[in-house]
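So, here come the structures, one by one.
Each of the next two complexes has chain A plus one other chain: chain B in the first, chain C in the second.
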Partner chain A sequence: MSIVGTRVVRVEDGTLITKGGTYVEDLRHEALTGAVHATFVRSPVAHARITSIDTSEALQAPGVVAVYTAADIDLAPGQAGPVAQPWLADGVVRYVGEPVALVLTEQRYQLADAAELVDVDYDPLEAVASIDAALADETLLFPDLGSNVAQVTGGEFDEHAFDDCEVVVTETIVNQRVAPAPLEVRGAALAWGEDDRLTVWLSTQNPQLARTIIALGLGVGEERIRIVTPDVGGGFGAKIGSDPEPVVLGWAARRAGRPVRWTETRSENLTAMTHGRAQQNTVTIGGRRDGTVLAFRLEVVQDAGAYPRTLFLPTLTELMASGVYHFPRVETSSKGVVTNTTPISAYRGAGRPEATAAIERAMDLFAAEIGRDPAEVRRTNFIRPEEFPYQTPTGASYDTGEYAAALDRVLEAGGYHQLRAEQARRREAGEPVALGLGLAAYVEITGGDGGGESGRVDVNPDGSLTAYTGASPHGQGLGTSLMMLLSDQFGIPLERITVRHGDTDEVPTGVGTFGSRSLQLGGSAVRRAAETVIERARALAAEMLEASPDDVVLDTDRGAWHVRGAPSSATVGWADVAARAGDGELSEDVWYDEGTPTFPFGAHLAVVEVDTLTGKVVLRRIVALDDAGPVVNPLAFEGQRHGGLGQGAAQALLEVMSYDSDGNPTTATLADYSFISATELPDFELLHMATPTTRNALGVKGIGEAATIGSTPAVHNAVVDALAHLGVRHLDMPATPLRVWQAINDARKAD
Partner chain B sequence: MIPAQFRYQRANTVEEALAALAEHGDEAKPLAGGHSLLPLMKLRLAAPEVLVDLAPLDELRFVRLDGDTVRIGALTRHHDLHGDGVLREHAPLLAHVAGEVGDQQVRHRGTIGGSLVHADPAADLAAALLACDGTLVARGPRGEREIPATEFFLGPFTTPLEPDELLTEVRLPRQTGRGWAFEKFTRRAIDWAIVGVAVCGQSVGLVNMAGTPLRASATERALASGAPIAEAAELAAEGTSPVDEPHATAEYRRHLARVLTARALEAAAA
Partner chain C sequence: MRVTIEVNGRTVSEEVEDRMLLVHFLREQAGMTATNIGCDTTSCGACTVLLDGESVKSCTVLAAQADGHAVTTLEGLTGPDGDLHPVQRAFREQHGLQCGFCTPGMIMASVSLLAHNPKPTREEVRTGLEGNLCRCTGYHNIVNAVVDASGQEVAQ
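And then the complex of A and B:
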């Protein structure tokens, strides 16, 4: 029986759980002997001119090795979209948390004392602390740009687009800024070698990209940079490649002539690591009273933060604007604006959750306006199975989907009609605890970056296997999944298979783990390499069995070759084949770039109870169907869904990174920034469906982000639904008790 | 997340602790569970030069019934209060509230004395003690004194304790058989209260409705004069001055105080 598709306990977990991982901070590497410790002095103000920096007192503090500022750095500045981003603030600071100076000390505990003594004078400038303030263009972050709008796409709308609609609804929906807050904060350890190469131990989602970024920043060839990725405690998109800090640290290691170690603090992480989401989306949806949508318009405004380094986010939102629906007319536009806040980058879903949130709220608004059930309105507009591959008006080519089936299964498993009856009963009885049902039907894009992935498979002399992947798993359990695929192909048990990744000297090419790409591309690459190795082995086994290659078969239960039809006669094992093979003959290194994007989909039903007297929302149930094609390891697959559901619900109910009007973050510690915990979550009710894709060697789609994308609008819609009878038609996330209470009051007043 | 430099001194007896405090004056701080003090030090919002660790003072870890008075040692941890049989029988509100503080880790380190002396307006036990007519016992170079809870909370993080005094004990009349209830309103299970209401018989203590814990006196008076619960609870926000924050406005807090007071009074009466 094949191991693929069975629940295999992740091989990564034993060590991570019992002994703990080896993260950057835990490294005890020879090359790091005598390392100095580093910390960044960060701006406490959102927007200001730096009038002076006095480092003299800090330089006298115990253990201080060096204090560097922009004046010391002789590197060309980095680039963030259309603007230059200095490595350390150069004359102006543009957000609270921006690095202003770097302090190096002998001992780690000396850092905080020394950093306090760096005396920076700030001459405050007006802060641009919101999208509206940015669009007003009164204060400019980058006067040379002439505007706070850093990127504009689309926007040539047909003024008659909604002419034939009986009903048109429009709403501006805030997709609030959230903090990735991984368990492991950012960290790096850096050492220049005798050979004048820099080794960077880095907490990243993709060492090869980090190598490119750091080499570019330091102005050296990539061959002079080696990145090593130890265990990584979560990234969620915010550890893609490298942030600017490691470049400064690499420069400092050279200047100081010492290895350097850096780990940010938890408080630092909340303002200095990039944030996610931060869009303001205006939806206009129109159609007929029978539930048919005829036109949809999405206008995206992306808050890019102070340095607009990830401007693909709003365009990805545009690409996925129409979701799972066959709409005759779809129009989109986007603007990316800069504000005096932490830069925005990818965060679990990165552009797609925002699209799903917008269209799924829009569908509910439309359904409410025409007085039809939101499930029915969705069903009326779904793209039908026979329409695939489906070309969307925004340019996406959906591979496969069973959108209506997914929704129906969820409705049935959730007992949707009974829940609606219970809701009606409570409303009738005037009970203070209202019931809300929220639906989201979603499609998303995985492996959408267009890059390929590397995969190498070696049969070792002892008949064991080693595989190398350019993916860079950091908690997803991809290693186990690849081992399962290989075990299935070779008939070699998991214990004799090793998957290696994360050292650019060992895996020189690779793209990494983000955008839910790693199984569909990394897995396909390894599969491709394995196929080649097996064919070469077949030839060797045939020689040894004195048969024609066509006549030998690999028995994958035993991991042995034998002559077809004679399983009990002579067999040749992997060690035998390896002994006969020439040097490198049973090794294959492939670059898999045939994989095109895939489109996982699903449907979620969220059930909430809202205490209408206090505004408190309790999430009672999530019934989720997430279809990402065939499943290699159901345990890891469900794990990704659990995490995604929790993180998605958190955005709907709890999480927001807020700033006051002066650009001061008001949720800068974990006491104020409310991430979700198990206590706030129900047991998840997971349904299974597996619609394969034709777009890669494995037929799989990505599951890393899917559940996050579906759950946010499902939970959000549930809260609004619970309040519908009180006259509430929309409220923005997160649905905090205060917001819910205010929405009820506002609706009452408007009545 | 590294505090400024400090000296550490371990006190093996109450006398040693008092001597250390007397020696260093307001440069010193007693350290109990550390769950309020250490975070402040790590954020560098507090920088005492000397920490006097009270951890060895087992003599201040107890709960006992003394006639009609329940006596609690200042170093008794929230977790121990929550599980204590004597407390559960004779001051069940306090035992329950102790189980609602923070999370398991916090309850296994934090102490009732630390919580009261820290005097955070959002602290749960302070309002509960106030509702139970508690008294705090302090010991210092000038001897021992009793301070009623009503006079202990002077403002946010402010109490009449002198820098050379230790809180040694908490006393309250036994509540055996009185109805009680605690309504703590939070967003997440581990959060501090946005508003809390502790009811002990006809007494109502409010969490986070002013710079100090306080009693809902208008509600109490209404109850005393025979008003029904719904009517009395409507007065719960009278005389309060809750903080106005983006995630919880003052108006919202006043509303919550009324709703939660009604609920707590109903539950206590049931």
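And then the complex of A and C:
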């Protein structure tokens, strides 16, 4: 009986629900005995010249061990895309939250007092606080670059692209900046050993990548860095690899000759951890009145923040521009600009939610313009099942998809036609609470980085199994999923399987967890290693059973080898095989890099009620179908979808990291940032469909980000749809009461 | 100042700074690290514990205010033989946790919610847990877990 595909409660939970996880702050490791505590003094202004830093008073404060500034640091500066990013601000600060000094104290309670006393004089410069200000190029963040535009792609458009269109619609859509806000903020603990190696306990999604970054930053060989990833309280893309802070801390631990512990505060986290999204996208969509789209153009402007770390985001958005549709002509361009704001990096979806939001708003705008139902217009333009593999005009090669079926299932389950009738009734009756229906059909790319993953499987002398993965799960339940796969392959129960990850001395090679890659690549790697180990075991079992290897079979119900056709005669168990095996014979370490990107897809229907008198939006329902191929553990799979739906809806309705025109963040505490709570979300209605891919050993696609990608435009479209009869054509996210009320008011005035 | 608090049935008496927060007392002095800190504005609920049976955000209570009182944290919920509390069992069964960081606070808030309202509706669970943030689960399975722990059928 196969365990794969059945609902299995997570092995990870046992400790988490009784003792709690061991996160960086919880470590009581002896190597950290006597550690000093660290905090960064951060810039309170967006753009300024530092005229002086006086640390003398801080150095006198109780418990202060050291105060370091850029002048102390003897490391080559780091590189953020095309510009250098100093480890501590050197001469100029470029965003509120930029690290300026590092304070070390004996006690945690002494940190804030000492940091207060570091006296920094700032001579303010004009702030570039928005995309428009950046594009104006009047004030430059990096005069050496000659412009605030740090990267340009495409842009040579065909001026006749829309000539044959009966209708052309264009709109500029803001995909607002949001804070990833994992519930555990960033933290690290660092200790140099007697062997002159640095151990870094780090809250990261990618220990091996963090090792590379920290070694490079410190100018030492990678063999001198060990990363240990304890439990990680969420990452969502913002804990990929390592930020600059751990490099500074590693340097400080050496300079001070003490282990160092660091945990940022939440208010610090909201400006000092990278933000996500932050695009301004201009869509132009044209076609015929029968609903056929003939041409689509997407012009992306990515706000990269002060130090452009992740300029692949806008190009990934370009790659996925045409979504689930077969459009004859697609044109894209992108610009990445620097601003005096927190640097932008990956956040759940990273480039794909932005593409989906743009095309799915565009489809609704087009449908509204020609007066057709948005579901029907989508259906007219879908890539059909027989067209796969499908090469998009932007260069993506979609593997498999059933886009129309997904949408139809959602419409059916949601009762779309009844909902439309109810909407019409309310409008007719002039009811103040309007009903809105929003659709999104999406495709996304997982494992899109094109890299591989490591996997190792050992059969232990007692017949138990240990697997090692380069993936670095932090809530996804990947450990349980891998155990399930192995249990099926070996016939060994879950209780006798252990999955290890996160310590670079134990798992020296790996890529880690991002881009929904872990199961398709990490899972395939472990499976591949397991296959090799099983074949070697077969040879051993054959010797013991005195049969030819071709004649012995593994009974995966019992975890025992026997001669084909004679299951009840002599059998050999895993411990028996292990006893006969030579050293390392039943261990295999593989690097799996044959998996190419896969393309999960789905359709979402959101139902909102909008009080047209107050602008308040209530999300009533989300009906979601997310197809990522065969499912290993439905429990974890659904959990990933739930989380994605929550975060996606949060962006549509509530969340935004705002700055004023001087570059001051105005939502920089959790009291100001509208982190979504249980009362703002409905129960989720999930539908199931599993279309396998041919592109990896397991046939699976990634599910970590899919539901985030679909839900944001579905909810967004629902809000606009609710207001359509009042003349509202578009409004930007988040759909806060004020925004909605203003949109209604503006439409009324225009009327 | 000296503060004496009964933590999970054990008396912990320590000399601490006046301004020490209860959450730090629990984590550092009592060695109970399950209780987490997720914010500095009393917004997230990761630090929720029971103080004389009532849920409080332990980042908003001074250790001194808890002097002479009893505190229960996640570690104190498990029975002497390792038996899980119904809320712990339900969080696992319903997949009410992912990264686990909000979980200690979420479970303690749920225990308190059920003490006041033994058979809550789904809406009541959502309202009752409004002060406890989770970034991973979208709350759906947390609601399921609390409904399950209350002995009611989980319909979703």
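The working rule: the second predicted complex is superposed on the first by the 751 of 751 C-alpha atoms of A that agree within 3 Å, B and C clash if a C-alpha of one lies under 4 Å from a C-alpha of the other, contacts with A are read in each partner's own complex, and residues count from 1 in each chain.
What we mean here is this: contacts are C-beta pairs under 8 Å (C-beta built on N, C-alpha and C of every residue); 3 or more make two chains touch, one makes a residue touch a chain.
Quick caveat: nothing in here was measured; it's all calculated off a predicted structure.
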item: First (chain B), second (chain C), both or neither touched by A:Asp721; value: neither
item: Partner chain(s) touched by A:Asp399 [first = chain B, second = chain C, both, neither]; value: neither
item: First (chain B), second (chain C), both or neither touched by A:Thr679; value: both
item: Chain C versus chain B, contacts on chain A by residue; value: C
item: Partner chain(s) touched by A:Thr736 [first = chain B, second = chain C, both, neither]; value: first
item: Touching partner for A:Thr614 - first (chain B), second (chain C), both, neither; value: first
item: Which of chain B and chain C A:Asp113 touches, first, second, both or neither; value: first
item: Touching partner for A:Leu635 - first (chain B), second (chain C), both, neither; value: second
item: Contacts of A:Gly234 with chain B and chain C, given as first, second, both or neither; value: second
item: First (chain B), second (chain C), both or neither touched by A:Ser267; value: both
item: Chain B and chain C contact sites that coincide on chain A, given as residue numbers; value: 108-109, 265-267, 669, 671, 677, 679
item: Chain C contact footprint on chain A (complex, rising order); value: 9-10, 12-14, 16-23, 25-26, 28, 108-109, 181-185, 231-234, 236, 265-267, 474-477, 635-636, 638-639, 642-647, 669-671, 675, 677-679, 681, 683-684
item: Footprint of chain A on chain C - complex, ascending; value: 17, 19-20, 24, 27, 33-44, 46, 74-75, 77-78, 82, 84, 88, 91-93, 95, 97-104, 107, 122, 125-127, 129-143, 156
item: Chain B-touching residues of chain A, taken from the complex the two chains share; value: 108-109, 111-113, 116, 265-267, 613-614, 616, 654, 658, 660, 666, 669, 671, 674, 676-677, 679-680, 736-738, 741-742
item: Of chain B, residues touching chain A in the complex; value: 1-2, 4-5, 43-44, 185, 187-192, 194, 246-249, 252, 255-256, 259-260
